[in-house]
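You will see two complexes here that share chain A, one where it goes with chain B and one where it goes with chain C.
== the complex of A and B ==
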């Protein structure tokens, strides 16, 4: 046994020494190569940038293919990055010229090819770049990419389709959401929904019941941000007890952000809800809606047993301006110490 | 008698060797896991637009909790730096925990504080709050003045005052990356139902160029002791914690920066005053609470540099810090002993806590005794000299290899130390730390375990040099 341990230790020493040496070399090589490549990249980037800026100096500015037809294959991606960096800063005709440039230089075709790569990050990167290029030539390839199993590829393809200058291009995005049963990244769905126009909203709401909970949550949150009153009649029924498994707080917050006065009465009804969390969100939403007609009901919550409901009621009244101030003044003489302290605090804040 | 002694020492040496192999295998495993995790994270991050997070109404508000006890010299810079954070809606809650210096007066003067009539809800019981101040210059600054009750008590008082759904504790002597909170909040946005707490990488600020409370250039520090700590932090954060996060068994999220859902923090009873490692204890308690409630949850650690902290530059201060960390760990293991080897608590019960018990808490004693017994074996000529040399070589090489792997991981992912000249220095530190520092470290941790057994609770005084001098 002892001999075995002895041998093991000796063998390990030899193995570890050589591995260590290898690792040191690897670390050094990686660092030096990376730094060298970055320096080269920076230099070439500036070289082409000067050429691009010279074209902008012309009157009227016109983009020519000539300077970007590089003989060096290694400059292909550098030029692409440069053009993308500038393209993202423009809208209108100059942007269209950039799109033409991407098509003519073969970047669109190249990235469409990359959408078929076996590594997901290459596919996602390609979708991202195609969106930035904004070429309608990539529409079909991007729509096909919506069926990709990877979340990032779907997200980038969906986002890219909303960036392309073709209103119909984004239509399949919302359909594809209903087919993604295990998709759970709320932030991706939120960002894509935020790109939505009125036409897309109808398509989204039609497919909504088929989405999973995480996606529905994202859609509800985004609807609030979109501030499109078309969403109010859709959201209100979701508030009814036992009607939906979605978190009520999300729906209430979305209604508050929407800014549609049709939500005031249903929200007022929630001020007497047994859950402090729901009362808190409802009063916050009413404050956001500047619902002066329910100021009395909000004032009564200054005396709520939950500190934060009372605090949010004070905040909501303070946001209502003069009428809120009047209500807070009336509470100063309240028998409840909490209500009068809260009123005093918010009055001081308003002052 | 001598035969018995010889046999015992040989058995112990073989046991130490086995232990050593196990530990290193774990380290290699964590390294591989961390490499996969970090690469995947970095690749995914390319598609997450931080500007969209900044502008989105979907981004939850954050309350930043800053406990301050006798921080009069640095609290103003700290608040000023925090106020420049790149985040859509946040509140700074500074708690003056009964300071005996001019902490509160400095805050009053610099930020035009005025006393409010607001009362603090005592959701988590704390020492009495004397007053709550608000600033006329910074609308999102709240200062709570309370009686001294320790760091955990101050954090609990700040939690009670926090208005936003997410809270994070920040040390007054640390520097937050400007977009740090924006990065840490991403998991909460992506999976709002399940994510409960998120931590990030803490770096060592010594040697860096700091201007107006921001790290503007990252430099490898000069003092050897700090350099060793840089490598240690890389090892701990990049390989260790990321590995545990991948296995869904994170136990330690540094209290220097940790973002937690306020509701869960309150339901768990806030930060514990019974331990000197209140940050790690909170994470253990969150795991325990959520497991017992049968809730689906995620506690994550992200490989993004979020915060910079000042490392001790003297042996005395470092010894105190490591002693406190060791005591904190032992206290957590003792407080949550019910979870140990208990499959009900998932990865934490069957893997994380046993690992921390065997390799971290008891490991310190074993390592310390290992050196002693090894010395005796050599003196009594029980172990042959070639074996001793080979064993020491393996031990040094394995230690160096693991540290070097952490550096490689840093190179492949974060690339904070961009200068080629820093690399040989780092490699030298990886090798040199095995001679002297490692043994000293084992001794400090051993002392920490003894102090825990003796029931020592003190924090030990820490002196901060501050970042102003490094401008």
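== the complex of A and C ==
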């Protein structure tokens, strides 16, 4: 029995040692292979980079297909990466030449094919690359990808459509926003909206009433960041609309950020709203707009029963410079202890 | 001899591209990867114009602009900035920059802006 156990231990140890040895060899081999591949990749990348840069040294610069028609299939993705790295640095006619290269070398067709891959990350990467290539040839494939169940793929396709050199390409993006009921990543909507030009903005706002509240909130926040006063006439009616109550604070904040004086009067009307949250965001937005014409109304909020409304009123007056200072001074002698304390605090801060 | 342009850009690819395009149009170029190196090159190589990236490691573009305003206020500076950094453009122009270029850029636009500044 003792001998049997001894034999068993010996054999197990031998087996384990050979397994470990094999594992170490496999790890090393993988490392060596990966390093060799990376070195190859780097070498080939620089090889093609020199050829590309040589074309930029011409006056006017012309991109020729020749140097990038590789006989090596393994260089296909290396050249694609190189061209993408450089294409994103340019606007104008050179950007269009890059797009032509992507089309002529077969990259657009290849990535369109990849949009049908079963792995979502491959589809997402393909959509991202197609956006960077900016080829109108990918429009239909990308528009189809807007129906993808995966959010990342939707986002990459939506963003890609805003990058394509065809104004109409992005139209279905705004339609598809209204069809997405559950959207986990609000920042995706945000980023797509941030890509809009004036025409895209008009299309987005035309479909806005059909979005659900979460989507509307995301869009409204992005509009505020976009700082395009064109959005003001679309946002103002939403302030009066009862069904947008949840998004109201976001609409008010966005109006403050847009910097459009047309929002001053409607925001002033909200200073007497029953909700402290709305009064607070309205006064903050008026401060952002430097609305000196409603300084009196803002001053009256220094005495608001809600501390934060009163604080934001002080902050808004302090942002208005000399006129704000004058209003804060007048409040120093107020009967309300809260108003005079707030005025004293902000005057000290201004000094 | 062509006008001498200092390219202050931390992205090597972008810096090389700018340099090649400018050299193809008869300019002489010097490159600096960050603000500190840029200030050194301005002192030693006396360029005719600076192409200055705003976002850089160590000393950023604004600090370079501020220091240039004190030492060489007549040296024209063109800012290189991304599309989403438009607030930076205002800050840069207030600090004395002559013009700005938004990345991604159009080479033709870049050349005409440079030509206007060094004329």
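The rule we apply is simple: the second predicted complex is superposed on the first by the 260 of 351 C-alpha atoms of A that agree within 3 Å, B and C clash if a C-alpha of one lies under 4 Å from a C-alpha of the other, contacts with A are read in each partner's own complex, and residues count from 1 in each chain.
Just so it is clear, contacts are C-beta pairs under 8 Å (C-beta built on N, C-alpha and C of every residue); 3 or more make two chains touch, one makes a residue touch a chain.
This structure is a prediction, so every number in the text was calculated from the model and none was measured.
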Practice task
For A:94, select first, second, both or neither according to whether it touches chain B, chain C, the two together, or no partner.
Solution key: second
Exercise for the section: Quick one: classify A:299 as touching chain B (first), chain C (second), both or neither. Expected result: neither
Handout entry: First, second, both or neither for A:248, with chain B first and chain C second
Key = neither
Fill in the blank from the handout: Of chain B and chain C, the partner touching more residues of chain A is B
Handout entry: Touching partner for A:123 - first (chain B), second (chain C), both, neither
Key = neither
Exercise for the section: Figure out whether A:155 sits in contact with chain B (first) or chain C (second), or with both, or with neither. Expected result: first
Handout entry: chain B and chain C footprints on chain A, overlapping residues
Key = 194
Problem - chain A residues within the chain B interface of the complex - result: 1-2, 5-6, 9-10, 12-13, 16-17, 19-20, 23-24, 26-28, 30-32, 34-35, 121, 124-125, 128, 152, 155-156, 184-188, 190-191, 194, 213-214, 217, 221-222, 224-225, 247, 257, 307-308, 311, 338, 341, 344-345, 348-349
Exercise for the section: Would you tell me which residues of chain A are touching chain C in their complex? Expected result: 53, 56-59, 61, 85-86, 88-95, 194
Exercise for the section: Could you pull out which chain C residues touch chain A in their complex? Expected result: 13-14, 16-17, 20-21, 23-25, 84, 103-109
Fill in the blank from the handout: Listed in rising order, chain B residues that touch chain A in their complex are 10, 14, 17, 43-44, 46-49, 52-53, 56-58, 116-119, 121, 123, 134, 163, 186, 189-193, 384, 387, 390-391, 393-394, 397-398, 400-401, 404-405, 407-408, 411-412, 415, 418, 420, 423, 427
